[in-house]
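Reviewing the structure listed below.
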Amino acid sequence: MSYGPEMALWLLLIIPALAAALIPMAGKAPNIREAITLIAGAALLANVIYLVRLVGLGERPEILLVPFAGPLDIKLTLEPLGAIFAAIASSLWIVNSLFTVGYMRGNNEKNQTRFYTYVAIAIAAAMGIAAAGNLITLFVFYEALTLSTYPLVTHKGDAKARRGGRIYLGILMATSLGLLLPAIIGTYYFAGTTDFAVGGLFNGAIGTGVASVLLLLFAFGIGKAALMPVHMWLPNAMVAPTPVSALLHAVAVVKAGVFTMLKVVLYVFGPDLVSQTGAGTFLAWLAAFSIVAASIIALRKDNLKARLAYSTVSQLSYITLGAMIAAPAALMGGGLQIVMHAWGKITLFMCAGAIYTAVKRTEVSQLDGLGRKMPWVFGAFLVGSASIIGLPPLGGSWPKFMLMVGAIDAGKAVLIAALILSSLLNVAYLMPVAIRGFLKPANDPAADAAIVQPIWVVIPPVITAAGAFILFFFAGDIIDYLRPVLPAGGL
Amino acid sequence: MSDLLMTINPGLFIIAAGMLCALVPLHSVRKTVMILAPIVAAYALFKGYSAGIGLAGEMTIAGIDLTTYRLDRLSLIWGYVFCFAGLLNGIFAFHEKAHISDASALIYTGAGLGAVMAGDLLTLFLFWELTAVSSVFLVWAGGPRAYAAGLRYLGMHVLSGVLLLAGAIMYQNYSGTFFFDGNEIGLGVPGGWLMMIGIGIKAGFPLLHTWIQDAYPKASVTGTVVLATFSTKMAIYALARGFAGEEILIYIGAVMTLFPVFFAVIENDLRKVLAYSLNNQLGFMVCGIGVGTAMAMNGVAGQVVLHVIFKALLFMSMGAVLHRVGTAKASELGGLFRTMPWTTMACLIGAASIAAFPMFAAFVTKAMIIAAVFEEHHYIVYLCLLFASAGVMEHSGIKVPYFAFFSHDSGKRPKEAPWNMLLAMGLASLFCIVLAWPWGGYQMLYNLMPMPEIAGEYVPYTVNHVITQLQLLFAAMFAFALLKRLGVYPPERRAQILDFDWLWRRPAVATLKWIDVMGARVEAYGGLTVKRGWSGIQRRLFAMFSPAGAMSQDAPSGIASVLTAAMLGLAIALLYFVG
Amino acid sequence: MHKPHDTPENLDDIHPVSKKFLWLANPKVKRNFIWFTVACLILTVIIGYFFPAKHPAPWEGGLLYAISFGVIGFVAYSIVVFSAWPLFRALSRPEDYYGEDDDDTLSGEDDV
Amino acid sequence: MFSEFITHFNYIVVIILMMTGLYVVFSASNMIKKLVGLSVFQTSVFLLYITMGKVTGGVPPIIEGLHGGDYGPENGAGHGAEAAGQAAEILYSNPLPHVLILTAIVVGVATLAVGLALVVRIREVYGTIEEVEIDRLNYAFNMDGVDEAASGETP
Amino acid sequence: MSTFLTGWLSAEAPVLIVVLPLVMAAFCAVMPKDKIAWIITLITTLICAVLAFDIVLQVQSAGVLSYALGGWDPPFGIEYRIDGLNAPVVLLISAIGVICTLYALRSTDAEIEPKKRAPFYAAFLVAFAGLLGMVVTGDAFNVFVFLEVSSISTYVLVAMGASRDRRALNSAYNYLILGSIGATFFVIGVGFLYMETGTLNMMDMADQLAVTADGSRVAQLAFAFIVVGLGLKLAMFPLHLWLPGAYAYAPTAITAFLAATATKAALYLLLRFVFTVFDPSLAFIGATLTWLLAVLGVVGMFVASFQAIFQTDARRVLAYSSVAQIGYILLGVGMGTTLGVSAGYVHLINHGIIKGALFLALGAFWYRYGIKRVSDFNGLGKLMPWTMSAFTIAALALIGIPGTAGFVSKFQLLTAAADNGWWWAVGAVVVTSILAVIYMGRMLEAAWLQPAPLVNGKPVASREAPWPMMVGLWVLAIASLVFGIMPAWPLELASGAAQVMLGGGL
Amino acid sequence: MNSHIILRVVGKFLIPLIIIFGLYVHFHGDFGPGGGFQAGVIVAAGVILYALLFGLKACKQAVPPSWIRIGMTVGVLFYVGTGLVTWMLGGKFLDFDVLHPATDHPLGQHIGIIFVELGVLFTVATVMVAIFYAFGSRQPQIMDDEKDF
């Protein structure tokens, strides 16, 4: 089998899976183990780039992974949205691997081999989600992702980690099995297929009432999207080591959730149907509420990672909001937010990890004056914050813009208030972190004198911060890339 | 200069220079860049305008048509003055070895320039937010005490930006374009109000003004000078471009001219006094825009030019004081003219300019605005403006120089300001006088104005005008002297003067804290309730299903067989009734 | 407290340019400054009376017009200064009123 | 009514036996008694089967002519085929239920044997054959586990 | 005919598969050395498995295998009849038999006194033969005989766990009482059917019932007795009370064998009677399906899942889980639609595999470390990584994680429920799956995430299960994976079974 | 023991008769009521009677438990062996018709039944005795336990 679209699609799963298989074998030799991770990351990225290009040319590579019976076929089909998701997950895997090296060694974490292994598995699952050709495939990889990240969340293994892990697993499994699966079955029942198709599957097979019910099932069933009542797993998952939080809870897991949400709206219901349903409107409002409420909660958190977690909840709801507004521009905003938020938030998490590695501090109030000792880290944090807030010229400003456009296009201009309020709240809870590091006098200057920053916890956040900046200028390309999957209209 | 370069928004040059500054570690290189960049940009503007570039830099990003560069008479005047302000800052801050400040000041300058050169609302928004992002570092350059003020500043500006954006998008949704043109935009279009409020935040509309007095006095010495120039003038430009002739602006402007006067008189921090005075001056401009006649717009444009210069001059002088003494509080100062004569001179010129003494800067333009208001028969507003003029005389014209440099001797003997500051002040002073010089001076300003031919119709230096203006000012000075002599002039006391921001710094924060506390309580209580409920459920479940529970004790076979029989009965009954 | 400094005895500290203007610190000068303003005021009224404006104010011509700006200036100024007393009483607070120099952990929220 | 009682006499006996057996199983705590009840219960089923094998007016299904005879082809021609032929003339009872019940009896005996063996073993290890007692002992044993678990691991 | 055995073996396979273990059981009983008995058992079960596989292939190509015992043609003689409905069960039983025998080599070391081992294998073979017999036979009374043959030997086998835990005796006694009642009910039902139809051959019965049964009280009564009797054998809620004890205290190999096969064989019989002997389109059958099987199935799912959650003994957890899983199967069957029945059937197969693997793994834990309780699982993932991995796979399959066999059958079940409009059933399946996450998750979490306890301050040495245990365990674990990833074969078998049941396949 | 003397004497007479009767029942089973089951029980009854009269120990000497085991096996083997023979003769399992070439008279059936029933006889008889032995042997242990309680 020569290298071609199909092979590349296979490799999408095989490369990380192979890495996951090889890493335990190299468990005794950390350097080899990490080299494997990095090489696999590079190979995967190259592969993804090839596929992204291919998809950009209008091709939709497709393979039948496992010939199940009928609707249960596990098959992969890459389309632009998935290509984008695969691209960010694979690219950030590399950066995060570098960071992981610095973090894990810097903190002398135990069970590092297990850690790398499960990260590789999680990446494989994320790739599967990205390329899922139908709801069943999506569901399969979705569950795989949940399970493979569970050991990562509970990596520390103490009572707190287990409790967090239990909530993590409990909520994600309960929602996916309890709501998502019935929704998929309902979809299959009504549409007769679960294969994704641009414009939706139902073709008028269901009325808005049934569609509303299904949409609600999906929205809450996709627990990874952390819409407000089912968001509790996310803060609890923050017991994980920071690289996990960074990669999985800024990129892979949560983005898998919102990616699924977007896919469901785009390919299962079709934006038209969503915008006609009452549930769509309700969910849009709920997402708006999530955005604001999570921001307010974030404001109250002194623990840096908890604050970031709630910030993530808030930011993810942007995507849900975009999906539920279902106007072309709003969907585009959602798609962009997946990319931009990933780069922004991973920066923040890595900075939090870098700070923890250097000084073992976790609370925002302990960071006074630290910025002067760790200018690069805090600088990166500042840039990441600005991107999350949505300040130009950083990537994060585009999705907000698109969402506003979409909301107004859809005649839901009032929702803009939530976006505006959220921007302000973002300033209020993110900016102080970096700024007090630079401005406020140090709490304990003596302790700060002997800070050791491993190089590999400093460089990755700087890279991603730069990425968040650079992406601002490439938003147009991403938008053009995504345009084929969106309905015509809007911008 | 190639045609291509000419079609690039010159703000980008300065931004690029700013980024260069951020990267270059060499002090001297940075400073050179800081001085050269505005000159280059001004040259680009000049060449571009000479070449007749109207709209340029069109591009399409993500399906949105952008016009990144618009060079017409209205934007040109703002462009020149922004370049000049950048230059002034370059000189004034020459001594300062601050990496971040240099870069952010330049980027801020560039963003301001870019904003006024923006041809569409989206470009405007981008630069608009960029000014916020870059300028906040200048505030924070003021040190730890500027921390919170900087955050508030940033919050306000982000709010301003997103409101503008939201309005712009609504406007786009309505009109199909982001093109920024006053003929089509106004309060009547969807999003018009949002845009105006967004702009109004930056322009310091009443109730939305507090960030100015909050952040500027806390910014660094050099930062304040830059800050005072761009954000607010950019907003004035946006108003002039988009909302000229909206009547409500007249009244907003009138209120803006009035209320700062009262605050300024009781404020102790002289830089804060200047911030209030800035607000008051903006009121004149807003008022002029509200009138919207050609004369008014000319007056506004001219006022902007001059205001940038004299306000910079005043802030520079206060900056020099702060730089040398370490405080700018009136109660701590006094008698500084003994050691800082040149600074004193500059401050006096600035004071005279802002108070609109004949032959000094604001005399011409302020009169134009007032006359325009008068001609449109807004007599009450006219009186307000006159009242405000007297007020200006009070706080900027007399209070600032008097308490800083004269008054009683504080015993402080600071050194004269560094040469570069003096140079910058001198330059500004020169322009303050030149641009109001009756013989050939103010005509230069007229030539810059949006409608020079109409501007020419207004002759400022009539005997009557000069006399009445002098009369007003002397009357004010007389009142000052009299009140001082009678001892009813309020002494300068250190205090925190409440402003509207009290609303969100005190009750709002208190409410938030209350919500926080209540939230914590509710959380605790709710958590406890949930915990209790959950453990209750668990206990019940446990009592039912655990090995010790009712359901799963090892049932004796007798019970099980009874169950079996019961099942049989059930089955038979079912079949009996169904079959 | 300030008395010693008002007399130029420590000339070493004084800037050379300022030495020529030290008279400004003279209490007499300060006290008599009011007469200078009175003189100027009277002068402007007189001149103004003979050079009426092209666009007169709503209140018509004559002396009333000639002194109107002076009146406005004086009254406005006085109002502003007198209003300072009640305003100051109403609005002034201790300098650390907002307590921003305190390092409290909730500062993130204070800055909304 | 009475005639029904007479014609269904066997069934009534079956029901009485069945109920008796089941009642003993339900109520007895003594394990032996319970097994006895079980046996009675099973016996009722045997009776039920035999009852249904009865054909009114039928004779035992034994082919008279062949009794004790030799196996010569000329004599025994009808063993199978003849039996079928004769069935048309002579009314036999149905032998099949009897055969079945023979098996069932064996099964019942085996069950009883195993049951008794179990009871013996139970008597050895528990020291009692009262089910109530044994459940109490087991419950105490289970409870030990529960108590330990309650402190450690119940969710 | 696609078969790989010689013609004769193929032709006689249906009876050989029953007779062989019976004969060998007799041999085993007299063997002086337990190892020889074991070898005999292993060879016998292996041969049976081969035969079973051959039978499945034959059935797939020929449709129905009918074997007239003693040359007496049905309906007069006893007929062994194998079609799409029972062939997979035959295969399941014999395959699990092989695995459990292999497993027993080491597990009996620890559980059975040496002199009792030969009888143990004999009893095992008898139970094995009984289960196979009750599945292959087409004669209703013969079913009863084999049912009792397997049951009685099972009582003995369960009681053999007494050397480990005396409660085994009590459990065996309970099982005996209830099992006998169930079997007696069944035989009463068969008696009534005989009264109604005058035949004992099931196919013949079906023909006769089709003519007369509609509305016949006797047939209804027979149906009620049969359903309740078999319900007891298959541990239908609330007739499951014998099950937890029997599973928890029997020797480990036997627990695995019983869990994987005994209830499944009884379930098969229920399907056979409900769908092929009776006509499922009759009103009273439909009502029974809906109101008895489905409803009790769902109630059982909930109650048993909750019970599983609170158990401390790992085997009891799995035992209650079995009751819950049987609820799934009954729910699928209770739908009465092709989709539902085939979903129930495929879950029957899958659950046999999964539960077998789980119990084998539990036995291995006990064998190595004496672990019985969930709270003692701490660190097992480190101590017995391979065993624990297999256990994990099976546990995930039990929960119904995608990519495992459990998911396939649950998905089928959900689809069927949705198709039937039974959304409440969808909800019930889903919620109980979550409960399954809880009770299995407890074990997995303890095993993988808790540190292993220290003994006298020293870490415990890692000791994997011996290979005979491991082989069977992994075969089942891999099977549950393979059937999850490539479920075509089990689904095909299930649809074949559904065809027999509902497609007029008589 | 002495009080059992009459019983023992009578028993000594009866036991052979019982066994012979058992065999009669068995072989008569071909033509009339009777057969291996009944015969087996009767034979076992004889053995049990012996045990009751002369004690378990003596009985175990007369009919050793090892015989019992073997007897069970042999019984099953007889049964299945018949089936095997039918197989070997080309018929179906337990298809007795192939045991004798006669086609007009079911002689094969007779032969088959006799052997099958013989197997049943062995098995039933030995199982009954086995059960008896099993329970009989227990007694002392229970007595011991009784003292403890």
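The chains carry the letters A, B, C, D, E and F, assigned in the order they are written, with residues numbered from 1 in each.
The rule is simple: a contact is a pair of C-beta atoms (placed from the backbone, for glycine too) under 8 Å apart; a residue touches a chain by one contact, two chains touch by 3 or more.
In this text the structure is predicted, and so the values were computed from the model without any measurement.
Visitor: Which neighbours do chain B and chain D have in common?
Guide: Expected: E.
Visitor: Report the chain whose mean Cα position is at the greatest distance from that of chain D.
Guide: C
Visitor: Starting from the Cα centroid of chain A, hunt down the chain whose centroid lies farthest away.
Guide: F
Visitor: Per-chain C-alpha centres versus the global one: which chain is nearest?
Guide: The most central chain, going by mean C-alpha position, is A.
Visitor: So the centre of each chain is just the mean of its C-alpha atoms; given that, what is the distance between chain A and chain C in Å?
Guide: 61
Visitor: Rounded to the nearest whole Å, what is the centre-to-centre distance of chain B and chain C, using the mean of the C-alpha atoms as each centre?
Guide: 26
Visitor: In whole angstrom, what separates the CA-based centres of chain A and chain D?
Guide: Spacing between the chain centres: roughly 68 Å.
Visitor: Per the centroid of Cα atoms for each chain, what is the distance between chain A and chain B, given in Å?
Guide: Spacing between the chain centres: roughly 36 Å.
Visitor: Multi-chain contacts only, two chains or more: what residues does chain E have there?
Guide: 167, 170, 173, 177, 181, 309-310, 312-313, 438
Visitor: Tell me, which residues of chain A touch at least two other chains?
Guide: Each of 300, 424, 428, 432, 436, 440 in chain A touches at least two other chains.
Visitor: Using the touch rule from the top of the page, what residues of chain C touch 2 or more other chains?
Guide: 107, 109, 111-112
Visitor: Which residues of chain A touch chain B in the complex?
Guide: Against chain B, chain A makes touches at 300, 386, 389-393, 397-398, 400-401, 404-405, 408-409, 413, 416, 419-420, 423-424, 427-428, 431-432, 435-436, 438-441, 475-476, 479-480, 483, 491.
Visitor: Show me the residue ranges of chain A that touch chain E in the complex, using the header's touch definition.
Guide: 66-69, 71-72, 74, 136, 139-141, 143-144, 147, 151, 154, 157, 162, 165-166, 169-170, 173-174, 177-179, 181-182, 185-186, 188-189
Visitor: In their complex, what parts of chain E are in touch with chain B?
Guide: Per the stated touch rule, the residues are 167, 170-171, 173-174, 177-178, 181-182, 185, 215, 217, 220-221, 223-225, 227-228, 231-232, 238-239, 241-242, 244-245, 282-284, 287-288, 291-292, 303, 306-307, 309-313, 316, 320.
Visitor: Under the definition above, what is the set of chain F residues touching chain D in their complex?
Guide: So the residues of chain F in touch with chain D come to 31-33, 37, 102, 104-107, 109-110, 124, 127, 131, 134-135, 138, 141-142, 145, 148-149.
Visitor: Considering the complex alone, what residue numbers of chain F touch chain E?
Guide: Residue list for chain F touching chain E: 69-70, 72-73, 76-77, 80, 83, 87, 91-97.
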